[in-house]
Amino acid sequence: MTEIKNENPLLEVKDLSVYYVSKEIGTCKAVNEVSFTVNKGETIGLVGETGAGKTTIAYSILQLLQTPPGKVVNGEIIFNGKNLLDLSERDMQKIRGKEISMIFQDPMTALNPIETVGDQIREVILLHNKITPVEAKVKAQEMMEMVGIPGERYDEYAHEFSGGMKQRIVIAMALACSPELLIADEPTTALDVTIQAQVLDMMNDLREKYDTSVILITHDLGVVAEMCSRVAVIYAGQVVEMGDKYQVFNNTRHPYTIGLFDSLPSVNTNQKRLKPIKGLMPDPARLPDGCKFAERCDHCCDACRSHEIPMREIEPGHFVRCDFAENFRRNNS
Amino acid sequence: MARYIAKRLLLMIPVLLGVTFLIFALQLITPGDPARLMLGDEATVADIEAWHASHGLNDPFLIQYIKYIWNIITKGDFGISWRTGKSITTEVVSRWPTTFLLALLTTAISVILGLLFGITAAKKRGTWIDSLVRVIAMIGVSMPNFWFALLLILLFSVRLKWLPVSGFYGPKYWILPCMTMGFLGAAGQMRMTRSSYLDNMGADFVRTAKAKGQTEAVITRHHILKNALIPIINTACAAFAMNMGGSTVLEQIFAIPGLGTLMVSAINSRDFPQLRASVILIATTVSVMNLVADILYAAVDPRVKAGFKKSGAKKKKTEKKNTEGEMKHA
Amino acid sequence: MPKNTAAAEAEVKRRSMFQESMHRLVQNKLAMTGLFILVIITVLCLCAGIICPEGYDHQDVLNKFVGPCREYPFGTDSLGRSMLARILYGGRNSLKIGVMATAFSGVVGTVLGAVAGFYGGRVDNIIMRTLDIFSAIPNMLMAIAVSSALGGGLINCIIAIAISGTPQIARTVRAPILAVKEQEYVEAAREIDASDARIIFRHVLPNVLSPLIVTLTSQVAASILVATALSFLGLGIQPPEPEWGALISNSRQYIREYPFLVTFPGLAIALTVLSMNLFGDGLRDALDPKLKN
C-alpha cells in the first residue's frame, strides 16, 4: 500500500504480521500485514471487534508479546527513525515508559495490590530520570494531582480506589515521563459510562498539555468520534479502512465499517431493531483466502474470495481494502 | 495494626478454651475407670474412692474442667500424673522447647527448599526440570514420614555410618530428624510455591511493570516474588502445625526427648493428664503460630487489613475521597 | 415453570460437563497410571486369600528372616510369617481405614457444611466455630488423642481419623454453597416455594460436587498416611492383625540386619498413596481446568 507522505511520522508500522503458534490449535494469524502511521501530536483510533488483533498490535509495538506463543513474523515498527524490532531488550526497556507508554484495559488488575499507588508511579519516574527518590515522590504526587487525585493519597493501595480512580493512577503512571507516544488499550471499557467521559476528557486535556501522540484502541465508535483525528478499522488482523475521522465517518466505504455504523442504535431514526452484522469473525487459525470479510458481506462475489484484496486510496488519505468500495456508501441520515 | 492484633488475640481465647474443653472431654469417652486401671484389680472400693477424691474426679465434669483451666491460667499448673501422683507441669514444660524448635527448624527447611525448587519449576515451566521437580514433590507428599525416617537412618546411619541413629545430645543428632520432616514438608511447599509464582508471573501488574520499562530482575524480585510469597505464609503455617502434630512419630523414631515421646509414654501407661497436657500445649502453640501468621499476613498484604476494617471509619473516608476526586475533575 | 427448565438445563449441562471432565481425565496419562496401580493394589489385597491361602498368621518357624526368594517373594518376619501375606492382608486394613474414615467424615462433613452454608446466620456460626476448634488441633494429634482415649482397634481408628478429617470436608462443602446460594436460579427456586431439601439436592449440591470429590480423593490418601502412623505408634490396628504401619513398627528393630522387612511395607504405603495422589491431581485438573498450571 502507499503511505501517507508526512514530514515526520512519529511511528510507522509497516507490514506488521504477528502469529501465535501453539501445538494444539496451530498457527493463529492474529495480525496480517498491518501498516499505519502516527504523526506527532495526533490521536489515531484502532477500531475493531474483540479478537481483531488490536491489542496484539499494541503489544508488538512495546514488545510485550508473550513469546512463545506470540511471534512477530514480518514487518517493521519505526519509531523516531529506529526499528523497534531490531532493538535489544535493554534498549527497549529505556523506551518503555519513557518514550512510549501504555494504558491497559483493566485498571482493576493492572496495579500491584501490595504496593502503594504512589510508589508505583514513582517507580517509572525513578527508572527514567536521574533524580533522588524524594524528588521522584514529589513528582509522583504532582502527577496524581494532575489526574485529579489528592497527592496525600500517595501511600494508599489500589484496593482503596474505585475503578475510575485506578485508571487515573494508571494514566498518571503512563504520562509520568512525558512520553511521545501513548498507547491506550480500551482505557474506558471497564468503567462506568459516566466515569468513561471523565477519563476521556482528562486524557484529551493531558494529551494537549504534553503534546503526546496517542494510539487509542477501542471498539466504541463514539469514543473515536470524541478523541481521534484519524481512524484505522481493523478486521481479522487487517486494516480494512483507514483515513481521516471525517472521511471514515461521513464517507464510509468498506462494507464492514458500514456494518459497524449500522449496528449502532440511533435515537434519530425510528428504528425497530438493531442491524447487527451477520455471522462471526473468522477463526484466526483458519483465515479464508481473499477478502476476510467475504463470509459476512452482502455484496461479495467469487472475485472477492479469489485474491488478496489490496488497500486502495479512494480519496487523498482515505484507504479502503475493498475492490468495490466505490459502489458502497453508508446511508448517512 | 495494634487493634487488629488485639482483636485476633481476643478471637483466639474462645478457640483455646474450646480446644482444652475438647481434649478434657476425651476422658468421658475413655472406657473403664482410671482408678481401676491405675490401682489394679486388687484395689478395694475404698482405695478407688480415695483415688477418685485425691484426683478430683468426684466433682461434676464441668467443675473439673473449670478447676483444671483455672489452675493452668493462674498457676501454670497442669495437674498431677495418674501414674505417679506427682505434678506433671515441670516435665511437660521442660520438653516443650525441643518439640517447638524441631518443628520450627523443619518448617524453615521445607519452606526454603520449597521456595528454591518451586520457583525454579515455575520459571522452567513445561521443561524436564519442571516435570522432575513435580514428580519428586509428588513422591514426597506420598511417603509416610516414619518410613522415610527409617530409610534415612538405613542410609546415613547404618550404611554410611555418618550420623547417629537416635538420641539427642548435640547438633549431629538434629540432622536426620530435620531432614526427614524438612524434605517431606518441602514437597507440599514446593507445589504451593510453584502455583503461586505462576499465578503472579501472568498477572496484569507484571505486564504494567514491564510496560514501565522495568528490568526483568526487578520485576521478578519486586513484583512477582513479593506477591507470590503471601500465600506461602499460610502453607508454612500449616506445615508448622503438621510438624508439631507429627512430632510424636518423629520423636519416637529418633528418641528425641520432646512432648511427642512424652505423649507416647503417657499413652502406653494410660496416664491421661500427661497426654492431655502435652496435646493442649501443642495445640496452643499451633494456635499462637496461626495468630503470628495472620499478623504477618496483614503486615504484608494491605488488603487483609482493609477487610478487617470493613466496618471501620477508614473505609468511609476512602469512599468520600473517591467521590470527591471523581467530582473534582468532572 | 422456570424451575423445571432450569433444572433440565442444569441436568444437560452437568452431564456434558461431566463427560468432558471424564474425557480430560482419561487423557491424563499420570492420572490413569495412578488409577491403574491403585486398582492392581486393591485387587491384590482383596484376593489375599487366594494368593496366600495359608493366611497372614501362619508361622514357618524354620524359616525366620528369610530374604526375598521364590517361596516368600517379600521374605519372612521374625516369626517366619510370609511378609507378602502380611502386606496383602495388612493392605486390606489400611485401605479399609482410609476409605471408611473418609466416607464417615465425608458424610458428616457434607451435612455440617451444607447446613452451615445453606442456613447461614447463627447455625453457620455455631457449626463453623465448633469446627474451628476441631481444626485448631493438628490432624495427627487429634487422631492420636481420640484413638488413645477410645483404645486401639479398627473401628476406633476409623472414628479417630474421621473426626480429624471432618472440618476440612465441611469447609469444602460450605464455601461453594455460600457462593451458589445467592445465584439467581436458586433464588428462583426459593421463590416458587421449593423445599429446602429439594433446593439443596437439586441446585446446590451439584456445584459442590467437584471440589468435594477432589477433597475426598486426597483425604483417602491422607487418611491412609495417618492410619499407618497410628498403627506405627501402636494405637491403630492391634496385633496379631497386620497393618502396613504396624508391620514397619514391628520390623524396626531388625532394620540393620533385615532392611527388607521395613522397605516392602513402606513401599506398599508410598505406592498406594502416590497412586491416589496422582489420580486425585488428575481428577482436580479434569474437574476444574482453570486450576491447572
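Residue numbering begins at 1 within each chain, and the chains themselves are lettered A, B and C in the order written.
Keep in mind that, in the parts below, contacts are C-beta pairs under 8 Å (C-beta built on N, C-alpha and C of every residue); 3 or more make two chains touch, one makes a residue touch a chain.
None of these values were measured; they are calculated from a predicted model.
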Chain separated most widely from chain C, comparing mean CA positions: A
Chain pair that, of all pairs, has the most C-beta pairs in contact: B-C
Distance between the centres, which are taken as Cα means, of chain C and chain A, whole angstrom: 53
Euclidean distance of C-alpha centroids - chain B vs chain C, Å: 22
Contacting residues of chain B [partner chain A, same complex]: 203-205, 207-216, 223, 226-227, 230, 300-303, 306, 318, 321-322, 324-326, 328-330
Complex contact set, residues of chain B against chain C: 14-16, 18-19, 21-23, 26-27, 29-31, 125, 138-139, 141-147, 150-151, 153-154, 158, 194-195, 198-199, 241-242, 244-246, 248-249, 252-253, 263-264, 267-268, 272, 275, 279, 282-283, 286-287, 290
Touching residues on chain C, where the partner in the complex is chain B: 129-130, 132-134, 136-142, 144-146, 148-151, 221, 225, 228-229, 232-235, 245, 248-249, 252, 255-256, 259, 262-263, 265-266, 269-270, 273-274, 276-278, 281, 293
Chain A residues within the chain B interface of the complex: 62, 64, 89, 92-98, 101-102, 104, 106, 109-115, 120, 123-124, 127-128, 147-150, 153, 156-157, 159-162, 164-165, 168, 170, 173, 195, 198, 201-202
